[in-house]
Each structure stands twice: as C-alpha cells, then as structure tokens.
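What follows are several structures.
There are two complexes below, and they share chain A, which is joined by chain B in the first and by chain C in the second.
Right, the complex of A and B next:
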C-alpha cells in the first residue's frame, strides 16, 4: 500500500514541475517588459536595466526557472509586482475566504447530492426519480455565476434574508461567517451536486440489483443496514472519483463566484493579478492550485487502492 | 478491397431515417431546432434587431418592456432585445473559436497517439494529463494575462483547456478502430500510414468527436459568459450574453429583470447543446451496434 502511494507520488511531482515550467516559459514569451512597467513613466535605460538586474530578468530562462523552483521548494514564491507583498502572504491572506467557501460548498454538495441520488435510486423509474434526474441534468447547464446573481436578487435584494456581499472570518462568530457563505456556496455547489446525485443514483441502482443485496435482505437484515453497510459502501467508489475530479472545477469556479459576492479570496486575487499583469502572483497561484489539485488526485488514487486492492499492482 | 471493407452507410431514405431518429429522440430534436433558431437569429441579426445595439439613449434608461423596446432598455438606455440578438453573434463565434482550437489540437494528437502507441502515446498522454491538472479557469487567466484581454484570445485559452478531452476521446476511439480487421488488412496490403489514418480511421472516430463537439460548444458558451462577466472577454460596449450579465449585476437593485434574459438564453443554449450531444451519442450507439451485426 505504501509502495503504491509512493509510486503515485512519483508520477505527481514531475507533473507539478512540468506545469510550472510551461507557465514560466509562457509568461516569458509575453510581450511587454515587467521592469519597464515597474520603472514608471519616463524611465532611463539605466534604471530599467537596474530593475531588470534586481528582478534577475537578465539571466537565462532555465537559470531563472531553476532559482524560482528552488525558492518555491522553500515556500518562497517571490513578491507581487503591484504592491511588493510576498506572494505566499498574499495567498495566505486570501486562503481563509476561499477555503471556507469551498468547504461549505462541498458539504452542501455531499449532503444534498447524496440524499437526492439515494431518493432517486430507491424510487427508480418512478416520478421522484424522473424529477430528480431531469433537474440534475438541467442544473449542469446552469452558469454558476448567473445562479449566484439570481440568488442575490431573490434572497438579498428582494427578501433581505442574507447579506449580498462581503466576508466575515470564522472568528467573528459562526452565524456571521456562515450567513456570508450560504449563497455563494449554494451557487458554487450546484454543478458538482448535480453530478454527485446522478452518479450516486446510477451506482446505487446497479448495486441494488446485485445478488448479495437480495441475499442480505433474505437474511432479514433491516433496510437501513442493507443500504448503509452493503449498498452505499460499494456505490461510494465512483462518487469519490467524481467528487474529487470536480474539485479542480470548484476551485476554478470560485473566481466568478467570489467576484459576484465580493469575497476576498484566491479567485479575486487571480483576477486582479491578471488585470495588473502581476506575473509572480499569477505564477504562485498556478503552482499553488495545481499542487492542491494534484494532492486531491493523489488522495483519490490512494483511496482507490484502499477500496479496490486490484489497482495496487 | 480497402474501400469495400470499410463500413459504408446506406444512402437511401435519408429523410425517412431522419424522421425515425426524430421520433426516437424528441428532446434532442427539439434542442437541435432551438439551436438552429438561435443560429439563424445570430446570422440575421441586422434584419431582426429593432435598434442599434450600442446606441445610447440616456433619457430612456431602464425602460420596461414595450412595443418600442420589446425587452426594455438597460443602464445606458440601449435596447435589450437588439443587444441580445447581436450578443448571440459574439457568444456563438466565441464558442466556435474555442471548440475549433481544441479540435485542431486534440484530434490530430489523439489520432497520432492512438495510431502509433508506444512512447509517443505515453508522452502525449502525459502532456494532456498535465494540462488537465491545472484548474481550467486559472489556466485561462494565465493565458489572458500573457496575451492581454480580448475575447478571441480568451477563447483560444478556453480551447486549450478543452483540448485534453478531444485528445482522450479521439485516442480511445482510434484504439478501438485499430483493432478492427479492415485496418489490419489495409496495413497488410501496404497502405501508407497517413492513408490508413485519414481514409479509414478518421471517418470512424468522427462520430465520437461529434458528440464531444456538441457538449464542448455548450461549455464554451458558458465559459464566454464567465470570462466576459469578469471583464476578461469582450470589451465594452460590444454586447455578449456574458457582458450583458456583467452590467446587469451592477444595476441589479435598480433593474432586477435585466439579469433574467441573458442568463436564461445561456442556460437554454447550453442545455440544448448537451441534450443534442446525448441524443447523437444514443443514436450512434443504436446504429453502431447494427453495423457490427451486419
């Protein structure tokens, strides 16, 4: 099992290096000179050269990537061109809002998605099943940021039940924190929720047809026990994959959602760094988000090995 | 020999077969008709629009629906109906750019990987796996930062993000076709590899790609909306469905109804592309089995 995990890790690390290298090269090809941008209006050639040297821009590409990678391994991602803040600090400051948003969204996804999938599977072929399947299929086509706008309109502007924008840290209290997250998390969770529901329904329908379920029922086990212990455990495997695969998407989805709700998170940081062409911040964000996605994928691979020993070889 | 061995479609009764498909796939047929309507609307925009989509009439801001302004006016007094009609052009063109880019990258690479296998296959698969492990929107943002804002550039980036899916579908379909006897025999009689791929493999993987194209067009429409909403896509004052939502969001308290129409259009178009894709997939699965039996 440990060897299997290590082997998956050995595949993940080169991907991280390759992705950051490609983005590094891409950024290097970009027109425009960051040193000239920093130097401000009417800079002298010496001043630009000085800034280029201080940023290390006069060194060859491979050497610059090498030193960036070495620094990155020691958790130093450079500093922002816009305000000089360390990139790790900039990401760290924005992390709580995004993390809160993603955690609440994923909780909603799991609870509602699994419940809807279970109801649909138990009512297989009946009206409730058809309604849930149709709604979930339609939900996948909804643009999340539009859902966010509609939710703000209904629950903040018209009903005034929940705040429309902003973020409160958890230290300000549970309700202030949660009340700012319910609407954005609901909008963000719609798509993964629909997919989890469809996937879990399909898996449960397949599992419930198996002989060992009939057998368990014949032995007189109670319905909840059959469902929980025998059916759901097996149906959980494909759901785990979907759930984890969608994590990258949810992380990307925070960009638009955070803009709608004005949440000070990673997504907003990404948009402002693009608009300011703040390359170190952007590069740091790419490395950071790719790392998170790879870690999640690694955990899924390992859980696969746990659920299904056959894949370990 | 090589021509008779490739499965050929019956050419008679196309209309009859089309109506049979329509009966079997009512939802997908309805989706297709709706999309044709939307595309016609985009093509005929100059004829359909009742006003200049960018003409501002500041005295007529936030007008309700009326005979003069069918869907009212926005924060600059621009006619919402005309902006929706012209916006459909921008949105659909953007979607075509993205899907075109991903087809041009993903399909040749997938054919090559599926046909050659071995080291090339492994290397290409790694590259596309790596591409898939970057969160899509972050990659799009990086590319926009490098190339500068603008809808075509942004949608090229989106196309790059979709490319791995086209690579996977094409590669898998090519692998499957490569196992068929008629491919083996055409290689055996000495057909050049390029001829085998273009004449025998490609026609048989096109259906699988077609399904992916339909689904990807839907996602691309959604992506255009997101990017323009964030201000990274189309530039003001040009209307696209996404940029219309962006302005609607800023004036939500004054004119909540402006949020509804662009969003509903995006939703129904994305849903239609998805339903169409699923319909094609099911129809192909049905006819594909028959072809094998024959």
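Right, the complex of A and C next:
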C-alpha cells in the first residue's frame, strides 16, 4: 500500500512541473507587457526596459522558468506586481473563503448525491428512481452561475432567509459563516451532486445483482450491513472518480461563483490578477491549484487501492 | 411441545412449494408443488437442467425469493419442525448463516472482492456467534485451516482474487460453515472448478459431513458429480420434481424417461457407445398447458395419453416417486454406479 502511494506520488511531481511550465509559456505568449502596465501612462522606452530588467523579463524564457521553479520549490512564489505583497501571503489571505466554499460544496455533493443515488438504486425502475434520474439529468444541464442567480432571487431577495453576498470567517460564528456559504456552495455543488447521484445509482444497481451480495444476504447479515459494507465499498470506485474529476471543476467554478456572491477568495484573486497582468500572482495561483488537484487525485488513486484491492498489485 | 413417543421431525421438510416471479404485471410460476425432506447427515441432490427450478427451490429455503422479486405462492418449508414460510425477516436472518448456510457455483463471484479472506469468515463469527474482533479473527483462521487452506494465518490477510478457484471455494465453505449450520445448500459448488480440484472439494464436503452430521442440499446438473455425494436424488424438470429416489435405485432403474435421458448423457469410459443427449430444450416457465411437460421431448411419449393430462407425482416404491403417465409400463435403461 505504501509502495503504491509512493509510485503515484512519483507520477504527480512531473505533472506539476509540466502544468506550470505550460502556463509560464502561455503567459509569455499573451499580448501585453507587464512592464508597460507598471510604467504608467506615456512611459519612455528606456523606462520600460529598465522595469523589464528589474523584473528579470529580459532573460530567456527557460532561464526565467528555471529560477521561478527553484524559488517555488522553496515555497517562494515571488511578489505581486500590483501591490508588492508576497504571492504566498496573497493566496493565504484568500484561502479561508475558498476553502470554506469548496469544503461545504463537496460535503453537499457527497451527502445529497450519495443519498439520492442510493434511493434511486433501491427503487430501481420505479417512480422514485425515474424522478431522481430525471432531476439529476436536468441539473447537469444547468450552468452554475445561472443557478446561483436564481438561488439568490429565491432565498435572498424574496424569502430573505440567507444573505445574498459577502463572507464571514468561521471565527465570527458557525451560522454567520455557514449562512454566507449555503447559496454559493449549493450552486457550485449542483452539477457534481447530480453526477455523483447518477454514478452511485448505476454502480449500486450493478453491484446489488452480484453473487456476493446474495451471499451476504444468505449469511444472515442485516440490510444496512449488506448495503453499507458489502455493496457500498464495491460501488465506491466510479463515485470517487467522478468526485475527483468534478473537484477540479468546482475549484475552477469558484472563479465565477465568488464573483457572483462577492466572496473574497482565490477565484476573485485570479480574476484580478488576470485583469492586472499580475503574472507572479497568476502563476502562483496556477501552481497552487494544480498542487491541490494533484493531491486530491493522489488521494483518490490511493482510495482505489483501498476500495479495489486488485489494483494494488 | 414435542411428544417423546413421536419421532423427531426431519431436519428439513419442503411440501408443495410453489414459487412465482413477477414478469411485467403477471406472476409466472417457476417452481410448482415441489416436496422433499432432508435429515441430518444426509445429502439430497436436486438435479436438472438450468431453468428447472432447482436454485429457486433452494433460495426459497433461505427465505430469499422475496429479495429477488419473487414470492412463495403456496406450500410450506419446515426446518426442525418450524414453519419458515411467512416468518418475519428478523427471524429468517437469525437462521441464515447460523442454521442454514449456502455456497455458490462460482466462488470468485460469491466472495466479496473488497474484503480479505479472514474478514469474510470473521464477519459470520461476529454476527452469529457474538464474538469480538480478535476472537472472530482467530476463529476465521481456524476455519481456513479446517477446510485445508495451507498457511491460514498468512492467507487470511489475502483477498479473494489472490486465491485459486479451488482454494476460493474452500474459503467460501469456511465462511458458510463458520456459524456451524446444520444444513448446507451447495448450488453447483464444483461446476466452475477444474476436474481434479472438483474431486478434492467434494472430498472435503464429505469429510465435513462425516464429522459434523451436516445435511447437504446439493444442487447440480451433473449426475456424475451427484453419484459421488448424494444419498437421494430429486430430479427436477420445468419447475417440478419428476422423479425422486435413493441414488442406487435411481441410477440402476430410472422410472422417468427424463432421468433415463440424463443418465444416458453421462460418459462411461470404455463403453464404446456414443453419448446420448436429450433432444430439444426445457419449455419456458409459464408456457405449460395441461399436458405432461416433458412429453414434447420424450422418446416414450404416446400421442393421446401423454398430451392430455398432467401427470401427478405417484408413489412407486418406498421413498420412490415418479411423475409419468407410463410409470408402470415402461422399462427404462439405467447405469451401474
């Protein structure tokens, strides 16, 4: 098991390097010159060249990437071109809001998605199954930002149950924190929730037909034990796959959702850094989110080994 | 309750069992009026082609037909004199795995791929014997050892896919017998195994039976295998028992043409005779009219007598029943064991 995990880790590192390199090249190719942006209005060519040199932008691409990577490996992501704040600090400041949003969204995804999938599987072919399947299929077709606006209309503007915008840290209390997260998290989790439900339903329907389930029943095990232990562990693999895949999209989705709900998170930081051509911040964000996605994928890979012992060997 | 002068009831008594499955809006009869008994230490074989209703009859004994979308429409199943039909699920659960256990055709499919060998056996010990984690695990290792799995300590931590077919079936037997049941339902337990492995698994079952007086309900389509293990045989066709008797008698003097056909399809080494097969296929459930269900495939069928009435099961000797219009006037060919 440990060797399996180490092997997955060895694959993850080159991916991190490759992704950041690609973004580095893309930013370099993008039109616009950060030095010109910093220099202000009507700068002289000399002034721009000076700034370029001070930022190290006149060095060859590979050399620039190399020194960025060396710094990054020591957890130094440089500092913002816009306000001089260290990139790691900028990310650290914005992290709690995004982390809260993503964790709540993923919790909703798992709890509601798995419950709906289980009910549909147990009612396979009957009305409840058809209703859940239809709703999930519809949910997949809805864009999150639109869902977000509808939710705000219903629950904030009309019912006035939940705040429409803003963020409160967890230190301000559980309900202030949670009340600001429910709507954005619900909007963000709708799609992954629907997919988890559909996948879990399908996996459970297949698993429940297997001989080992009949065998578990024939051994006199209770229904919850048969479902929760014998069936669920086997049905978990496709669900974790969808979950991991959708996790990356939820992370990306925060860019839009944080803007709609005015949450001071990483997604908003990404938007500002693109608009300001704040390259160090942008690169730092890409490296950071890539790392998170890789860690999640690593955990999922390890979970495969747990759920399905055959892949370990 | 039980009178001392009365003989103890047989371990298992199935009487007039009729099972139906839902097909669309209607119910289709897949097992009809099946009766048999089984005593402790005894082996009864249910023999027939796939679709003859032998597995359904066995799952009915475990009270599992409802799970599979079926129902027991009529009949009774008594275990140690206690009626199982209509027993609440909670009571049935206490019986399954503890009093009545089951092993399946393909051990690779009937063992849960996500749990270790030890866990699959230990779970039974925890649930039915009320053992703690550590005791249950120790019991599991003992059970693996008892069914002849070498190096049980180490193997208990392996997963089913790391076992060979024969070893996996031994593991399934260990899990089935962990609750010390008095009845084992063995559904084609050797069909998926290599021939040499088959013989060893059958030998294991026989050894266990001798030591523990375990009764075995042995389901098979293979009379050759049945000859190795069974005391009595009930031959099933299209959801009915068509012949029933002690194994020697049934092999030597079959009384039903279908039994004769099954016996004729067992290869006999050096006989020089070509293997015979029964022409045609088993009719689908629910398609039966009022005629003898085997008549369309029967070499001895008579146009009028066999096509008109449905034959009942009639007693033709001690512990010998046959469902055939011509049971008294036919002389059929058996084989020496």
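Remarks
The rule is short, and it goes like this: the second predicted complex is superposed on the first by the 307 of 313 C-alpha atoms of A that agree within 3 Å, B and C clash if a C-alpha of one lies under 4 Å from a C-alpha of the other, contacts with A are read in each partner's own complex, and residues count from 1 in each chain.
One rule holds for everything that comes next: a contact is a pair of C-beta atoms (placed from the backbone, for glycine too) under 8 Å apart; a residue touches a chain by one contact, two chains touch by 3 or more.
Here the structure is a predicted model, which is why all the values come from computation and not from measurement.
Aligning the shared chain A places chain B and chain C next to each other free of steric conflict. By the document's definition of touching, of the two partners only chain B reaches A:273; chain C does not. More chain A residues lie in contact with B than with the other chain of the pair chain B and chain C.
When the shared chain is aligned, chain C comes close enough to touch A:233, but chain B does not. In the overlay built on the shared chain, the residue A:252 is in contact with chain B alone; chain C does not reach it.
Judged by the touch definition given at the top, the superposed model places A:6 against neither chain B nor chain C. With both structures placed on the common chain, the touch criterion links A:73 to neither chain B nor chain C.
Of the two partner chains, chain C is the only one touched by A:215; chain B is not. Closest approach of chain B to chain C, taken over C-alpha atoms in the A-based superposition, is 20 Å.
Shared contact residues of chain A, touching chain B in one structure and chain C in the other, are absent. Against chain C, the residues of chain A that register as touching in their complex are 210-212, 214-222, 225, 230, 233-234, 307-310. Partner chain A is touched in their complex by these residues of chain C: 62, 64, 67-68, 92-98, 101-102, 104, 106, 109-116, 123-124, 127-128, 159, 161, 172, 175-176, 179.
Residues of chain A touching chain B in their complex: 15, 18-19, 22-23, 26-27, 29-31, 137-138, 140-143, 145-146, 149-150, 152-153, 157-158, 248-249, 251-253, 255-256, 259-260, 270-271, 273-275, 277, 279, 282, 285-286, 289-290, 293-294, 297. Against chain A, the residues of chain B that register as touching in their complex are 126, 129-130, 133-139, 141-148, 218, 222, 225-226, 229-232, 245, 248-249, 252-253, 256, 259-260, 262-263, 266-267, 270-271, 274.
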